[in-house]
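After this come two complexes, each holding chain A, first together with chain B and then together with chain C.
What follows is the complex of A and B.
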């Protein structure tokens, strides 16, 4: 054929395994291996190449959550176990991302309660988990230790390490064989720097997921989009310090003016579209885990990703029959 | 191999006649060398010089203008595969589709919507781009009537979707002089379609499945004398669209396949995933996107994504921290604290300017994070505010000790007051409300003389 969608790249995106089945020492019904790409997203010639994963974000204290989700989900948001279960069985998410928002209460100290929350979520869903620990350096060490220990064997993804606070989370990931999210503020070089720091204290490449930070659509998303594209290229060109897979969560999507001020009858759909357009574009730029908060966004993204995979499409282009399945 | 400006200059007539729009032949040569001008703009070139210059100097993707008048738009003239390599220049037209089988009132409603609907974001008016009329009925008369209905309601760029030359001719009686985009020339009808497009000087979509077929057909249409072409690769799935559109862009910008050097057309109605097709078209190289009218909840997201992706990435994301003046503020002017994320800065600055209240903006270093994120991440905190007040010597700039902080930073107000000794007023969450806030709250605050 006269064209090549590999552009001469030689690098491969590193692989990270999320979740552990019983055979792998955990209790999840499945485990995912993300990464492994050799070109731009959705251009892999392999018809079996995987679609990005969609994670539903939930929390253990809904006071800190968007009123849009509280209204849509009703009482569910006050029962984190049931919420996690519904994410799997009704909303059809690939992953559950649990935010331990209870730790944000003033003078929070009931570390044992976090253990109970995580146990309940592990019991209620068989999906692999992402767990977001505390936001408060004072309790980081205890919180992440508790997350790591309670989820031992489950190969969770722990969030979120940043340049000035990554030690507690790295310690918990190392001690219990979990992976971690390394977040930097929309900058390729800062992402690389943080990966190096995290690796220097012992976290292996295949236990790191990059979060280049996703600004909401209309509020800086274009910078995140390009940061993700650039990280993907660096990886394909062979930069091992940027070759980890990426996660994207446009957490401000439900708080922006266009969504907040939408007519009440349109507000849910507006929130879903805002998350959808952002999530789809982030996946095209290279993110392999797309996190959303509105349940209706989950199926919409999954259907679109299915149709975007190269498998079926490539045969349409390649008329000479040399490619495809 | 690209030619240097001086090599090109040697082939030009050196008359400095200005007929190409440039002041001298040398400046025209420099534009040609940068791929920013078309060799056809020079009326005095002989065929030999044209053939030498033509392939290497025209923009790798030809500029195609659709429609006439205020709402006309141009697409093409793109140079890169990734926006961070330079920028994307010409945002895709998003065009609402109607069928000639619909009732005239419905057609008129959609037309009026595209004519009037505006959504303002950071100082720009975002709008949909035009109307596409599909010849579902198969009848030339019905098609012409539907086109006339659109034309009676608005002067918008049009796309005429029919493979029937009769229907096309009937429609062009109505709108032939407005340069509608014709969709589409196929392997079966391209000679007739090219003749019609040529007669009315209209841009023409070339439709074929598979890149080789598309390339061959575009070449044949060019041989018929049509240069304003747009490519429709008839994707079979969204995945097919991504790989085909990427290949076309790559082959075009590297000049590996000059016959693919035209903007790309995407019919978002082809798949069951209208929103996905539009989002994908915007990020991956579509220049004309035709879609059934978008639901209100999708409209803003689509227009915003288009604006985001076609923003120039060379503009910095962070502002330098410091004290910025809006107008000529006096010693009693308000001081507004905010983050150094450039989008926040420019948005706030825009609203402050339109409020006509002279003031100071104290920009603090939150590493380019937005207010919402900086507060959540602890980057926007009382010590940073205190240190910034000191560093930029605000005490000597104003005669009062009152700070206005963003609405989203409200939880910090107490701590900022304690740490800095300044009185804190909590401003609105949205920059759009800052003008009203300054007029209502700031200028009427207690303690004023």
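What follows is the complex of A and C.
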């Protein structure tokens, strides 16, 4: 080809393992190892490099969820176990990301109910899980303790640590051997600082996934893209404190004006497109887990990732290992 | 009195004999760490007499190992202890406990041993430990003493009764050994890492009442190697144990290990948030006011010795607000005392400036200026809600602890409203101000070798780097050199990093080799050179937060300044916002610089361009704000008429008007060396 696809970079994106099979001490049907990249996404010369993973986001109290998803999924949103199962068996997601939205009720205190929810999701799907704990510092300690303990052995990804709020999540990751999402507000320096803080508390680099925060396409996404790109560059140049894989969830996609005000008959379509293009762009910027909420976006993204890796535009390598066109 | 050294010798000898008498299996249930202390120290899983002896010898006859083995044999033989005692604690509980330590819902661990003189002594200490978020373990007579006094025991009360004799205190050590292995990444047998973890990460203290046997004393002394302070409450002498009293023991222990309680809420009957910072309290909304030229008032923050500053203490001397008449001005002294291991005298003025922000955080309290020219108002609205003078003190004590958790261990506030006493204290304060001024006068850029960077704004100006020097605060005006230094000390991986200034390249422009090198790296290779004192050549980059913009006006051979609040047009033909759009975003724009208001008062301001005489125009509001300080400075520099020669929008809004005005007043800039 004549191009050095490494541009002189020597660094490697760190690896993080998500999920644990029975052989690994958990109950998942598979576990993923993300990271390991040595150049920009979709340029990896390594035939074994993997496509980004697609996670479907679900929640345990749909009051706090987009009406678009409530309409599309119907009653399913009121049964978190069935929802998780459908994500795996019907929608074809790689991961399920469970938001414990029930904790957002004012004065929430029924910590035991969270344990039951997590158990039910673990029973209903065999996919590796991402679990989003509380949004409320007051109950963080108890909520993350419960998440960590209930999912012990499953190597879940716990979210979301922020600069002023990471201790409980880090503690749960440490105590029960899970990984965590470290989120900073679209800033490469803050991302690095948070990674250092989390590491100082004892969490190893291979248990951290960076969330640089993602705005929806047209609503600040370019900042996220730039931050992700810079994080990837820093990692490839050898900055160990930024060399973790990234996750992206453009949750605002379902709430932007174009989607909200779309004609009812077009609303689903608009929502899916917005999620799809934002997710696709995030993957191109380097995110390795793309989270979406609309079930229809899952297959579209997976198809797109496949065709990008095997398509004709880049002389890449097909999934069966033979040279592409 | 028990002589500790003798007791240790006897105890060690006795433990040695006892370990050789172990006959049966030694083990604990519900743990993956065997006998945790022995396992952590040596990596050997002790299960019988042979392995027990092996570990004992390998660790140089360690008393902790000896007691662990002896007690494990006893536990294996006799079964679990009966209620309320926990005995050995399972791994699952330890995991939860470690969790609470990591996430700071528990700040540290305490072990209380021995026989308290009466029921009240121990319950007071335990209550204090509970209040300070410590998890306390109890062993020996202290347990019966507490339950006798009606104190509730159990993990949920953060008071854990380990066993009926002080020997059971050994479980305290096996808990820490397991936490180190579970959370601290300590591999069994890596004794160095274990010790480092115990010393630096485990926040543990030991409180010893009288009544320990020789073996127990030897065991307690054995914990010193883990870096736990041994705090004795009488009856022990001739040792390195810390002798203390029931009233001070908790505080002393927490100080020794640097354990700090974080303040999370301030108990005052009004809101307190930066959201209120910008509000003002107009005369008709005000209940009372202090200072502002209407009554004597001042503020002073000083550090004090740790044992003299009682954290959270607020004292009001003189009439409270309910004895004050609405609408009037009263005298006020705000005197803050702080203590902290990392606190330095140099930080006093920086912290003192925060009084301004903090008082303004109050929903109904308002503050302007500083030192003995402060002006404070309290609104009718919050006085009706029950706010008193005392609450200003609570607000200050709380906010200082909240915002400087690493720096400050204790903050107390005294508020004086009695006129005679305010005047008396003010004299003292004025001495302090003078001393500080003398010290700050010495704080020259040339006298420090390290400046500080600020890259907070790289969020939106990715290549912008502020270099903060003693004489040039950050362009936002919010961070001084000392702030940068403190920020770095508190958070070494944060946005403020030390910058070694290195070799001088151009003294007049303030260009340094080390600064250039730092800026090059921190700007991701974009900026090669940065002169700290010049607007014209390689000026510092601008983010977007500058308080003011200084820019060259070639027509008058001078520099003008416009501040953010000024909405009108300036003689440059542009408004602040147009100018800001032109120079921001991390660019270096010769002829323009983003600066803070205070930098205008610095001797380094415009040094590269020939000094303050270059200043030809600034908005009248800014002129008013700086009037006292700037005109004093100019008078001191023997340029008493320069201040009035600086034009503002009342005399010139166009460049033509400005030329005319400067000519009329014979502004010195006109005769200076051409700028371009």
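Definition applied: the second predicted complex is superposed on the first by the 308 of 325 C-alpha atoms of A that agree within 3 Å, B and C clash if a C-alpha of one lies under 4 Å from a C-alpha of the other, contacts with A are read in each partner's own complex, and residues count from 1 in each chain.
One rule holds for everything that comes next: contacts are C-beta pairs under 8 Å (C-beta built on N, C-alpha and C of every residue); 3 or more make two chains touch, one makes a residue touch a chain.
Just so it is clear, the model here is predicted, and its values are computed rather than measured.
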* To do: Mind checking the superposed model to see whether chain B and chain C fit together on chain A or clash?
  => clash
* Asked: More residues of chain A are touched by which partner: chain B or chain C?
  -> B
* Asked: When the two structures are overlaid on chain A, which partner does A:222 contact: first (chain B), second (chain C), both, or neither?
  -> first
* **Which of chain B and chain C A:269 touches, first, second, both or neither** => first
* Asked: Should A:186 be classified as contacting the first partner (chain B), the second (chain C), both, or neither?
  -> both
* Can A:258 be said to touch chain B (first), chain C (second), both, or neither? -> first
* Looking at the overlay, what does A:281 touch: chain B (first), chain C (second), both, or neither? -> first
* **First (chain B), second (chain C), both or neither touched by A:148** => second
* **Clash with chain C, by chain B stretch, listed 381-389, 399-407 or 435-443** => 381-389
* To do: Starting from the residues of chain A touching chain B, keep only those that also touch chain C in the other complex, and list them.
  => 185-187, 226, 230
* Structure fact -> Within their complex, chain A touches chain B through residues 2-3, 5, 7, 40, 42-43, 135, 162, 185-187, 213, 215, 217-223, 225-226, 229-230, 233, 252, 255, 257-258, 262, 266, 269-270, 272-274, 276-278, 280-281, 284-285, 300, 303-304, 307-314, 316-317, 319
* Which of the residues in chain B end up touching chain A in this complex? -> 82-84, 121, 209-213, 235-244, 246-247, 250-251, 256-257, 271-273, 275-276, 279-280, 282-284, 295-298, 300-302, 304-305, 307-309, 311, 313, 317, 341, 343, 367-370, 372-373, 376-378, 430, 432
* To do: Would you tell me which residues of chain A are touching chain C in their complex?
  => 140-141, 144-145, 148-149, 167-168, 170-172, 174-176, 185-190, 192-193, 196-197, 201-202, 204, 226, 230
* Asked: Which residues of chain C touch chain A in their complex?
  -> 95-96, 98-105, 182-185, 455, 458-459, 462, 493-495
